[in-house]
Amino acid sequence: MANIEYLLLFLVGSAVISYFLTRLNSFIGSIFTIFATMFVFVSLAAYGFNMNLDTTVSLLPWFSFSQTYLGFFFVIIIAFIYLMVSFFHPYFLDKYPYKNSYNLLFLLSLAGIIGAFYTDHFLQLFFFFEMIIWTTMFLIPQGKSREAAVSYFGFSLTGSVALLIGIFVIYQNVGRFDIQAGLAGISGTTSVFVFVLFMIAALAKLGTFPLHIWLPLAHGNAPHPFSPVLSGALVKLGAFIGILALIKINPIGPVIGAIDLALGQYIIAFIGSLSIVFGTLMAIKEDDAKKLLAYSSMSHGGYILVAFSALNGFAFAGGLYHILAHALASAGAFMAIAAVARATGTTKMKELGGMIHKMPITYLAYLIAIISMAGIPPMGGFISKWLIFQAVIDRGMILIAVAVFFGSVGSFLYVFRPLAALFLGQEFREYKHVKEAPLLMLIPTFIIMGLNIYTGVIPKQIIDFINNIIGENTAFAPVVATTFTVTATYGTLNAGLIALIFGVGVAIAFIIFILMKKSRKVELMDTYTAANFVHDEHLLHYSVDFYAPLERMYEKQSHWMKKFYDALAHKVKEVGKLAKYLFMSNNIGVTLIWILVIIVLLIGVVAL
Amino acid sequence: MKSTKFTPVPLTKAETDKKWWEIGDFFRRNSLWLLMYCTGCCAIELPPAMTSAYDMERLGMGPMATPRQADILLVSGYLSLKTLRRLIYTYEQMSEPRYVVALGSCPINGGIYHDSHAVINQLDQYIPVDVYVAGCMPNTEAVMNGFVDLMDQIKHKRANGWKKYHENYSWYKANQITSLGEVDVHDEFHE
Amino acid sequence: MIQYAAILLFVLGLYGIFISTNTIKMLVSLNILEIGLNIFIISIGFNYQGIAPILSSVSDTGLIYVDPLPQALVLTAIVIGVGTTALGLAFAKSIYQKYQSFDLNDMEESL
Amino acid sequence: MSAVLLIAIPLLAAFISILFKKYSIYLLFAVTIFNIANVFLATEGIIIIGGFSPPLGISLLVDTYSKIALLLVNALVLVIAALNVKAYPKYGTILLLVVAGLNGLVLTNDLFNFFVFLEISGIAAYLITASNKKPITTFRYLVIGAIGSSLFLLGLIILYSMFGTLNMVDMIKEIALNNNYQELVLPFTLMFIGLGVEAKLLPFNSWVKGILGHSNTFSGPMIASVYASAMGFVLGRFITNLFNFEGMLLTVVLVILVAGIVLSDIMAFASKKSREILLFSSVAQASMIALLFVNGIIIWAVYLIIANALSKTVMFMIINKAQKDVGSDEVKSLQGLFANNLVIGIIFTIATLSVMGLPLLVGFTIKLNFLTELADAGQIWTIAFILIASVVEGIYFVKLLLKLWYPEGNLIKVNYHLSFKLVFAIIALALLTFGVYQAPLDKLDNTVDTVMEVVNNG
Amino acid sequence: MIVNILVGIGIALFGFALQTSIGGINRKIVGRLQKRHGPRWYQEFIDIFKLLSKRGISHGWIYDFGVIMALGGIIATAMFMPLTVDIVAFKQFDNFFIFVYLLAVGMLGMAMSASGSGNPWASIGVMRALTTMLAYEVPFLIVALTIINVSDSSSLTAIQAFQQTAGNNWFIIALPLGGLVGVLSLMGMLGKKPFETYIAPAEIASGPMVEYGGKQLGMLFILHEISVFIEVSLFVHLFLGGASNIFIFLIKYFTVYTVVNLISNVNGRFKIDQVVKFFYKWPLLLAIIQAFIAIYLGWVI
């Protein structure tokens, strides 16, 4: 079944079936969901890579589809994340108040995603976007917070509204809703206008500065198995819109001579870099592991924006590679946290410690994910960051580079924090009974671990596919890659070699280690305390305000954006109250005045 | 006719270990790191020993921050019941081989505090001491001499306090418990 | 000229509704307003020196009739106005029963 | 059958029902069912009453547009009355009056006759709102309504004095001949305001808060969906045929309507009471409908009226029932309402999502289509404002929904009768079906014409 | 390939031996500075072998694994390091970013192991180390950006070759402000005073290393020596024109390390937030100015 239409209908159908199955038994329903997702993923993977999907439409006549490499790149990543996450459902669903609808909405949102990336019609794109938004919006409040869903919905809606206005501006100028024709057909001021609108949409979906407030709220409070989807998959919708705006629309505006880049792109890159800095600083400060990862998503969103606005083949490839690497990394990290949260019931780092002794595989999954997230070889994140760095250096974007490097180094700080506070350190007595995650949950964990390493060692296939996208959408030169190497402006990166040498180094270290005298195994509590007897492991666990000296430096400023949006909501409410006072008065006289005002106004205006 | 060819004599494992141990001893005696457990007045002798007057570093010695890293537990001065408990704890945390150097007369016989109810008179009842530096207080030359003595002992494989501790662990433990008493409630206020 | 008077009455009615807080007074103002309106309607049909628009055997060439339609309309309007007034008075009464007052200001809190 | 019966029968039945007070409600059922059947059978075209040929006398105009309106109004009255047959059994007579008045409003081709029906339906509305047991708000509604209809009458008399006719078709022709729009501003303004008062357009609608803010399962849906949709249809007829706003007048009206949409949504955003949220949303929708008519997007406005009427019926009934059982309509005190009422929750959610215009539901199709037409008309700023308002709308509705779904503390107990669930489920299903399968909507597209086209084409 | 790897291992070993000797010599120099005799020049070797010969403790598998990963990462990094233009294990793959990021693997391993020991001081030490890293790394990377942009390659051998080409100055002369930033960043990297907040023996009991003894500490010492080798040679290659033969490299290396060590010995210690503030105030500003001057204005001496 390689017809997109059938896939969509299949998903909608299985969504309904899964609702009833879940009602019957949540385990059965979730297993069904796994198979449904797997079926879709396998169909996409089997036919999509070579663009062999059938796009003809027979049952849904008002839809039209077309396949592009770009769309497929996103779809396959997102479908993969969905598949991986669905393995978590059997163990989480019972905790949620409306578990029956969970699988339903989950599958519906996947249908929305497949539709969104395969459609060639703007209004359908909007249709699928809105569908994704509302289905996922109902998934989020099943977690911890309702407010989170509201803010997610608010910002997403702002984004899609901007998108829709942009679509209508295009329509007004081109007269068609066809995506390719529409993007190609606009020029001049219109294209700038559309660019701005599309970028607002992209920023909102990607959760980048200044539209990032929803990100930590939604990621942090969403149901544990849904956070990986949000961070690994859904924010990437913004990247897609970003590509449409930055690469496809690419309005002609003033060019900054020194770096040979259009002002619009530079502004977006600057916003991206603000996002990087902001996300990094906030992540460093955050205590909730999931919110921390959410802020890291924000900063990675910034990287993606910087990459796409650099308008350079390497940067574009780097950006796409980063989307893949970050999807895998953040999914891996969030899934590890989800496994911990399932076992312990919390994601607050100050309440956790020493989980490594109970959940070593989960720990490894998290470790590999964060290595990729921090852009350290031999994981995928390194290759993408390396490509982005090349472009930034090539352009000589110094101020952007400050942010890019800051975020890169800062990511060591924040990814390390959950590692230290949550997995390492003292083992808490309240978690003595905790066990490693069940096998079904370890399957995706292993797969993602493997893929994180794969993307970091053998870039060939991915780069080849990205070259297809480059050829399809841009005029950039393709990126040269052999099995293990990637070549960019300033040299060649041999990812395979790095991994090999790293292995050699570890082997040498291991030989040294094994040759020497065997160590005496001691308890964790038997640790240097300046000869004090400490028997409470909580006292020996350093996790609260981990980066206190650093945090102190920007503590006051860290709430500015949140305050701004709070104030905005408050102001809107006040306007509403004023309007109520003005229009909805209990006094009939007020209405009379309005009537008179309108009459006078109308007659006055017309008389003039 | 004797063959000129060198035929290595196969060594037994014990002999190999011994050889390695001797090599190790060379390194150990030339790099003695101190953990200074300074509860008494003798500690005042250490700054001159470390700085330019006597320059401990030329012997490869130096102060260390934690018992894990240190080779020598330097006990300077008297030990009360409370500090003894901590001393033992620290001693047990050190990596082996470990040596104990006791400064002054207090660890030997209680010194001027010998009749206090709270002071331990003989340190080697509780942990093995490799070198005593007598005097109240010993002057810096004596302290340095003590360290050189320890090196000499290591060289001649006589600095075996840490082995003794293992061998006579029950005896040491019994002494510790007799003096310090059992601790029933394990928390930081009772120990 | 009569039209100005009608408009004046109309505006007077509006003004009455605007300033009064007493339900009965408001209804009275409403009636004034409606009367103004009715007069206005009548005045539309008025023709100077026009005669009643009654069909008769007299030849009617050259005669000016007043427009009969507005008069018919006014009749209906008056009826409707009376109905509304009656309903309003009924509500005023029930307000009074509930709050022992005709003054809307007195029961501002109850809303 | 003649369309006259649509008005005459309910009017007659209203008088008869006074004699049989107990059975008045059943009479109503019979009449509405008859009316619905009648709508299908009625012949289209101009129906002359009393033998006077068109410019003279009263005539009715039956076309697809009015048929849709009649069908909707009668069906809704039937449903709402049926669902409230236990709680409010005594309103049969008044409802018959409502049916007569609203049918007349929709059908009549005579302006003064229109005014009469406006007053009849108005008086019926005042009586319905009396069931709120808030006489002050009703009184206020009455006064404002009376002022509104007086203004309408004033405007209409001015028109009469200008053109000497009350027949709408005739008037349209005269206006087209006259071609001096400047003079028409005053009467049009007055009539627009008069209708605006009834149709809940923003600055003229201060009565809404009192009436719908204290409504019950009966008066809420009656005012918010039946009256709103009838007034919407009527307003549409006037705006598209008679008023034909142009020039500065058009701009000012557009500004008023857009401001109405934005401000109402913001007011809803600032509200903490569930009924207030719904009523402000209705106000916004009313402005939206008027806006569409002003822009000549008739068919989607009609769909919007229908969708809105259906959704609002469901929403108001669910909330008002809950309010009745819980004793408060604060969102806070209704938290977790749907935790025990899953079906009701799903239906309410579907209705809300439809009002918000989210995909898979009919609201989305309508929204997208009228926005496309607005774009065709070059109204990009209007689109922008509508969409910005829709963000605010989305946020407050989602807030409301989530509060109602997720309990905090004690679970509240509200029982919905099976008939409620059944009817609501059908409505929700309809919203869903037409959201997914929109071919029938497109089919109707060409059959709704302006009055002149009807007249010209016979 | 095997030969290349062996060369790489040779470089790592050479680096270890070199830095350990020079470290010892520097201890002697500092001793003389303080009117002491100072230790033997091979004292550092003795220390390391002593530690390896001791029987330490282990706090569980992550404690050991982290150390292995750390040392492995550092050795791997060192294997990529060119000594001169010619002596390099993997030609054209000696990318600058590898050194920055592969070094981070080692750091991550060490941090992991330290936190895994369960000692709060270790975590505090790691926190300080990472914070310091956040401070010095950004200005350094900006200068590196300038250098890569100017020399048009991110390969260290190519950067060396660029500086050795007739007509080009060493970058410490060509980019004087950048050179200054480079020295400051190098001091931060090496953990020399005033930026040695994360060791702080008297304050947090030597920070990350608080729980280590025996072979683990020995391996960390090896790690430290090799990472110093990497950092100093990075400076040599980036700023001092690299080396055309091994003696020049030795001279430059010795000079750089000694100078930095001497500077550090007359300084006190910053607080952690002072370190961050310092690096984000002057070095970053200078680095940005340097980048502007070099890239946009093209003023390279």
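Note that the chains are named A, B, C, D and E in the order they appear, and that numbering of residues resets to 1 at the start of each chain.
Keep this in mind: a residue touches a chain if its C-beta (ideal position, glycine included) is under 8 Å from a C-beta of that chain, and two chains touch if they have at least 3 such contacts.
Keep in mind that this is a model prediction, so the values were computed, not measured.
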Any chain in contact with chain B as well as chain D: A
Neighbouring chains common to chain A and chain B, by label: E
Of all other chains, the one whose Cα centre sits farthest from chain B: C
By number of C-beta contact pairs, the top two chains: A-E
Greatest separation from chain A - chain, by CA centre: C
Centroid spacing, where centroids are CA-atom means, of chain B and chain C in whole angstrom: 114
Distance between chain centroids, defined by C-alpha means - chain D, chain E (Å): 76
Centroid distance [mean C-alpha coordinates] between chain D and chain C, Å: 28
Centroid distance [mean C-alpha coordinates] between chain E and chain B, Å: 35
Overlap residues in chain E, where contacts from two or more other chains coincide: 53-57, 205, 210-211, 214
Residues of chain D touching at least two other chains: 143, 147, 210
Junction residues of chain C - those touching two or more other chains: 14, 17, 26, 104, 111
Contact pairs between chains, per stated definition: A-B, A-C, A-D, A-E, B-E, C-D
Partner chain A, residues of chain D touching it in the complex: 140, 143-144, 147, 151, 182, 185-186, 189-190, 193, 202-210, 247-249, 251-252, 256, 263, 266-271, 339, 353, 358-360, 364, 368, 371-372, 374-375, 378, 380, 383-384, 387-388, 390-392, 394-395, 398-399, 402-403, 405-406, 438-439
Of all residues in chain E, those that touch chain A in their complex: 5, 8-9, 12, 52-62, 64, 67-77, 79-80, 90, 92-93, 95, 97-98, 101-102, 104-105, 107-108, 111-112, 115-121, 123-124, 126-128, 130-131, 133-134, 137-138, 141-142, 145, 148-149, 152-155, 158, 205, 210-211, 214-216, 218-219, 222, 271-273, 276-277, 284, 288, 291-292, 295-296
List of chain B residues in touch with chain E within their complex: 20, 23-24, 27-28, 30-31, 51-52, 55, 57-60, 63-71, 93-97
Residue ranges of chain D touching chain C (in the complex, touch as defined): 112, 115-116, 119, 122-123, 126-127, 130, 134-139, 142-143, 146-147, 150, 153-154, 157, 160-161, 166, 210
Touch list for chain C against partner chain A, complex: 14, 17-19, 26, 104, 108, 111
